[in-house]
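A, B, C and D label the chains in the order they appear, each numbered from 1.
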Amino acid sequence: MALSAVLRPGHVGLRVLDLDAALKHYRDSLGLIETARDAQGRIYLKGWDELDWFSVVLREADAPGMDYMAFKVLNATHLARYEAALKAFGCKVECIPAGELAHCGERVRFDSPTGHVFELYCEKEVYGNGMGRQNPNPWVEGLKGMQAQRFDHCLIYGDDLDGTVKLFREVLEFDLTERVMEGDLMVGAFLCCSNKAHDLALIRHPEKAKLHHVSFLLGSWEEVLRAADLISMHDISLDIGPTRHGITRGRTIYFFDPSGNRNEVFSGDYTWYPDHEPITWTTDQLGRAIFFHDRQLNEKFLSVVT
Amino acid sequence: MALSAVLRPGHVGLRVLDLDAALKHYRDSLGLIETARDAQGRIYLKGWDELDWFSVVLREADAPGMDYMAFKVLNATHLARYEAALKAFGCKVECIPAGELAHCGERVRFDSPTGHVFELYCEKEVYGNGMGRQNPNPWVEGLKGMQAQRFDHCLIYGDDLDGTVKLFREVLEFDLTERVMEGDLMVGAFLCCSNKAHDLALIRHPEKAKLHHVSFLLGSWEEVLRAADLISMHDISLDIGPTRHGITRGRTIYFFDPSGNRNEVFSGDYTWYPDHEPITWTTDQLGRAIFFHDRQLNEKFLSVVT
Amino acid sequence: MALSAVLRPGHVGLRVLDLDAALKHYRDSLGLIETARDAQGRIYLKGWDELDWFSVVLREADAPGMDYMAFKVLNATHLARYEAALKAFGCKVECIPAGELAHCGERVRFDSPTGHVFELYCEKEVYGNGMGRQNPNPWVEGLKGMQAQRFDHCLIYGDDLDGTVKLFREVLEFDLTERVMEGDLMVGAFLCCSNKAHDLALIRHPEKAKLHHVSFLLGSWEEVLRAADLISMHDISLDIGPTRHGITRGRTIYFFDPSGNRNEVFSGDYTWYPDHEPITWTTDQLGRAIFFHDRQLNEKFLSVVT
Amino acid sequence: MALSAVLRPGHVGLRVLDLDAALKHYRDSLGLIETARDAQGRIYLKGWDELDWFSVVLREADAPGMDYMAFKVLNATHLARYEAALKAFGCKVECIPAGELAHCGERVRFDSPTGHVFELYCEKEVYGNGMGRQNPNPWVEGLKGMQAQRFDHCLIYGDDLDGTVKLFREVLEFDLTERVMEGDLMVGAFLCCSNKAHDLALIRHPEKAKLHHVSFLLGSWEEVLRAADLISMHDISLDIGPTRHGITRGRTIYFFDPSGNRNEVFSGDYTWYPDHEPITWTTDQLGRAIFFHDRQLNEKFLSVVT
């Protein structure tokens, strides 16, 4: 257990096949707010209740997937401390100058044993949640679609799970909240830098650098139903749900963006504290761990990644 | 459109393979209240918010299924009127004397073109919902399991769907609320005698006299989640859900009793009025009609009946 | 107990001091749909899930209040039967020709012992709920404000409560679902023509022909919270709530339109059946009967009427 | 902004006039679990989803109120660091030996400028939440009453608000999440050591060492309604609610234990991050800040403390 100066998942860079179709999906169906475009044609979005300028960056590319996942760090002192520790751990570290992503300060980019690219940064301009910081309302009217509140976490797939878990626990001071064990082998790991059941999750998988899903937070199980209805009304490809996870207790639904990147919207995990013993799931209970209601493994859910 | 003197589904007689296992299921998992046993060993139960003495009768037998579904009629005058009309329609009608089912008055039993046995009655003793009729609380504490409020409807399968629909519409003055059409052929019919989306539903099927499911009402989508969790916690065989139906808009989950009879618990259809035009579903949209979220036909859901 | 050929509350005519302010309130805050205006300047609205052309008619006037409350009847035969029975009961009956209200057939207008004006009609053009009757979605996107589903009931105040209750029970075949008794005197009556806890409610009061509130249906307790938030966000005058009624079990919030007419939005009463014994509340429990949580009479709620 | 090694509110010591009545209230109505009694007659309880042995300690006394509020610290190193810093700040610090409260390690007790007694500790035995840490269910059956999940925070009243806020921010590294300003004077302060809208709240008040309320977490707005119903069904003295706070966005209801200590159960504030700018409320908006729906100050709520 530790206190991490990593605050939260700050943004994710996603590759999409068709930028217009992706924008329609993330803005009109998920209900993210478009906040910027840049000279490279990238589109920036955020959940309505996020304060920083963006949390999703869409880039048109030939194949879907995740370019990078970035975490916001408390301040420059901690950022420098983590940068040094990442180098000491053996990561390949690169500094991306401020402004390369619009409205964002310098980013410390690093690779990981599972082949995923991560970033740390401590500065991003404030866009606001539309309510101001003086005498605010509790929510804003006129939101679209699922009205996703914020980018919450990613689940990624990769080979050297132990290595990336070690990196996040030892260097970035994340907690292990839950884990899936196949005998002595950890096949799933749920990590947090805060009081959530997960800020990052990993599944062991033969290929490097795969994305399973990008997840966004909703406010209630009733909003999960509303999202489920919209998935059908907007003719979005449903993966699975609405249902409950055993792992994290989340109430959830999964679907695909037009490029095949899997999304989740969910509500309602528990409050994690670093003095808690991690929860362990054994693979003989894996069906129940993943989908608590039907308790069956779903090949498509387990194997389709981008 | 019509005004029916049939009030509601009043009880259903179910065959179960093991009475103790069934009692445990219907009482401890669905949360029905056990209200009586009789000399034949039958067990009587009711939803907590039903006032009459029972709505489910369990009978141990060699094969699962539905013995009969009974409807309560407003009074003896209407009961006699319906009895005559059933005979005129050509039904085989039999009078079961008062007391054959405990606490229940005389029942007019009749067959139907799909081979199902139905009953009408107008007298059943009041058991109450535990709150009295003077200055009552809105609900009672100490309920078990899913806390099902009442027996709501059945979905039955049979060959001569047109015949049974004609019987319920013309003789018993039910409304057709929704229907599924395969070209000019009606393959699904949803019928009501009240202001609900359905009191009885039928699907066209080669065999006679089959039961698809018995349905019980819950109070909210949050209670559907609670039921879904309990299905897993009580190790009940899940069929499908939680999800939404296109037909009836119901928010639902399906599962099986220990004998293989399918149950549904659901919340939230709309208010039907007899001046409404029925809703029509075409079979090219059947996936969406049945499971609005995943929009796919499910062979097990469509073909497993008792 | 009876079977009524009265289907439901069909529309209410409301007097407002400023038509623009009223439109803003009923359309943008309650979320009703504007469906027509007429040569007299009246504005017609409906809840999104109502099929008929309108359920609220706003008329600019010098004083707020209710002009009339109208009920839809099953067909012309029953309408003629009720017209004769109203005359036999001693009501002053007047026929308003078709088209006097846009899209509405002939209305049979009658007075009542409490001085309220009511109407019956059996024809109104269908506007639809925006989803069609073939393969419909469960709800429509783009609704405003509280997204009220339908006009549900009125609570009216008047002197000869017994007389108006007798009129609705004996002539129009309504059920008494709940009543408030001060000793042998009925001081509150809840009446229905369907399976709801109330389609019309009355409170004994020294003045004739007063309106306590017009009520609109929401889909859940979560939507009641959303409405409560909007009341504050739109700077609407709150009366009381969110809370629960003992009477009807409804989950509710009360507020005022800009002219001082009280509105309610609510969810979740129970299903009434005509074989149920009415619920009786005694005035020593009146606080709990009206506001189940704080169990205290509220002078403003009891005495402010239009 | 800071990273605090204080994890959360760990327990609160409450004085009650009658221990049996208090137990009935906290166990059967709030739904806390009784986990211990000690030789002094004190009763220990916890919310069902808390892992440590207790979070509420009831002690019979002549006057109601709060004896102390304790926070759990990450480990002994941080505990020693805070102890030294508290002394340096000028607090009177006392060490209570392990075991003085059953199942609890050594506590560092300190006074504060508002006269409240606080404690820090880093060791408490694990009792568990009834589901274990291997393949757990998402919740447990058989809970009582409101089914409170955990002790969440206290709101305290005192004179030197600036002093106690300075103590928690500078010594214990709490964040200021929201504040109420009367011109330049801070009259309300909301502080957190985690990602919640508040772990401790203070209101400026002429007397020292007063308790406004002890708050417990529920899982949803629907559970807040259930709690509200139980308050009436159990004949508990309601203070105010159900309603929404502007401050923290919480969905809430307030009531009194049999000794007059105010309790809150609530759901649903937002996720706080230490890079967020605090929210400021101005006293001209104080009604809306406290009770977002009725936007009116409530004298009893503001002035009744124990």
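Going forward, contacts are C-beta pairs under 8 Å (C-beta built on N, C-alpha and C of every residue); 3 or more make two chains touch, one makes a residue touch a chain.
Just so you know, these numbers come straight off a predicted model, no measurement behind them.
Asker: Would you kindly state whether over half or under half of the residue numbers at the subunit A/subunit D interface are used by both copies, giving same or different?
Answerer: same
Asker: Write the angle of the rotation needed to overlay subunit A on subunit C, where the fit uses Cα atoms and the result is rounded to the nearest 5°.
Answerer: Rounded to the nearest 5 degrees, it is 180.
Asker: Please work out the Cα centroid separation of subunit A and subunit C, and write it as a whole number of Å.
Answerer: 48
Asker: Just curious, how far off is subunit D from subunit A if you go by their C-alpha centres, in Å?
Answerer: So the centre of subunit A lies 31 Å away from the centre of subunit D.
Asker: In angstrom, rounded to a whole number, how far apart do the mean CA points of subunit A and subunit B lie?
Answerer: Taking the average C-alpha coordinate of subunit A and of subunit B, the gap between them is 44 Å.
Asker: Would you mind listing the residues of subunit A that make contact with two or more other chains?
Answerer: Counting only residues that touch two or more other chains, subunit A contributes 137-138, 220-222, 229, 232, 244, 288, 292.
Asker: Touching subunit B in the complex: which residues of subunit A?
Answerer: 221-222, 225, 228-229, 231-232, 238, 241-244, 251, 253, 288, 292-295
Asker: Subunit A touches which residues of subunit D in the complex?
Answerer: 1, 3-5, 7-8, 49, 51, 72, 74-75, 126, 133-138, 150, 194-196, 219-221, 244, 246, 249, 268, 270-271, 273-282, 285, 288-289, 292
Asker: Which subunit B residues qualify as touching subunit D in the complex?
Answerer: 137-139, 141, 220, 222, 229-230, 232-233
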